[in-house]
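Labels for the chains are A, B, C and D, by order of writing; each one numbers its residues from 1.
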């Protein structure tokens, strides 16, 4: 699949302390996915695709994104390895979300209009919660969706598979491995 | 008027480079207002009222709030004096808004629900644009409004007066000088 | 001003029982405006511009639009003459709004996207409340605005004038008498 | 489970022409569910729980709810039997939704605030699309959820089961047969 213009890459909850009971299970799948995301993101940026961090504020309402990054990549953070693979660069965009969907109570809608994006490439965690909810909301807003299967992860493979099936069958997402995304 | 619990103080666009043609006119009114806001805010915080910066991102989508603060209080920023009087403290909240109203495409709704706020005290700039739009949207969402007349400012006094009239008559806002707000 | 494609005519709260204390004052200005709206609407429909009723539900959550129309054009309704001049036709669109702005908690956004409208022509009542709030919200969503001065009305002429000034100066609305809108 | 106050029953897409290729499969499960919904709704209304039709407009933007009902219960409508079992009564509420989620671009939020509802009982179709999306959005808005398993249906039993699992595990919904809902 060739990436034309009017795309945006959404990195969902990749800056994440993963400080919750099930994080070990998620990390097992998230770390290899993070490596794939890092590679994909490099290729997409070279092709001019804007990168948007769509990141939970994890209830830290008084922290801005830089503080979240510091916190999540600190030695105590179980999610530090994933975070360090995917640190934002100066020209990346970000949106802090208070809930699961990247569209709920955030500026994502306005930012995507500003960027004139029409197709969203979704990557990040967890495939069956925040990625799925963001995909549902994007679909209702008429965005086309691309989901690279090796760039999303959940606590268990079954959850990821069900979410990918839903996005493919219900949301008309194009679902494929990241290596099939060709950037011009 | 006595401030009970369930209030929140909204500081609207006080961190502002004021780098636009009419900024001189606005600054003339904004600087004295900023001093009043600083005093009010100190009293309200002592009484336990949460402070929320509801601040424009000024189209700087790649900057977080700390970067906006740095930019707006730098020597080149016409708005630096106002910004320096009203720098956020570690326990203050913030919301970056992309447009005029603090409720449009932001997390303000969710944050206010989290804080269990029912009455909003509005301060900041400009009284007849961003303060007014935020007031309109707050009213539609059933918030009670308090607007201290000496803590808002516009480019001209007429604009401020008309906005205050509208908020009082149409939005049932209680409108009075800040010294009449008593904190317990 | 020539009306090209991608316009929509919004009729704001024209189906209205006007059963409130100040309705006599509003009606004095609303009735002549309704006649102008009826003429404008006829011209615009002939030119292919879609007409959208953006109408309050007036707290009658259990009534649909047809019931509102019956209620507002009944002999007991002070607003019956205005309503009867502006009854919807089968091919007109409608949105029931629970609050002042036509965009707050309604499907207007999605309908306008469906109609591919980019410019909104605003008509109806009251110029300084529901028309103004809808204009503010439209502006934040990047719609261009046209406001025919003789097709809006408030309780008093001053309120209308201030609202028109605000829409012209702050929202970049084109403000002119309806006879200057030329439909191809 | 006993139904206290502050509940609302949401009937999702029950007035439905089901004029789509897969409707036969859905109808097979929807008809028995509609009978269960009719019985539950009777019990809940007697207990004072408000009933809200959260119904698609199916792209018929020019039709109001009464017209949708007429259309969907006409002899040509595959969904007529379901619709006739669940016709709204005069004191029922309704919201027309343009997309899958009952919260997206509708007044549902404001209506639920008006009704002071805190817990939503979800019934209708399809369990794995519109019911699920509405559940997701309700959860993000802090509503508690109850889903009677025999009052929802999808095209296939697997879809329903996965959706119920998601709502139970991810959205903390209480999931049980409708006969276990006791109304005081």
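One rule holds for everything that comes next: a residue touches a chain if its C-beta (ideal position, glycine included) is under 8 Å from a C-beta of that chain, and two chains touch if they have at least 3 such contacts.
Bear in mind the structure is a predicted one, so any value in this text is a computation, not a measurement.
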* Looking at the contacts, which chains touch chain A and chain C alike? -> B, D
* To do: Mind checking the centre-to-centre distance between chain C and chain D? Centres are C-alpha means, answer in whole Å.
  => 33
* Structure fact -> Rounded to the nearest Å, the gap between Cα centres of chain B and chain D is 41
* To do: Provide the list of chain B residues touching at least two other chains, using ranges where the numbers run on.
  => 99, 104
* If each chain is a dot and touching chains are joined, what shape do you get: line, ring, star, complete or other? -> ring
* Which chains touch, pair by pair? -> A-B, A-D, B-C, C-D
* To do: State the interface residues of chain A toward chain B in the complex, per the touch definition above.
  => 57, 61-62, 64-67, 90-94, 96-99, 104-111, 114
* Write out the stretch or stretches of chain A touching chain D in their complex. => 99-101, 104, 128-129, 133, 136-137, 139-140, 162, 166, 170
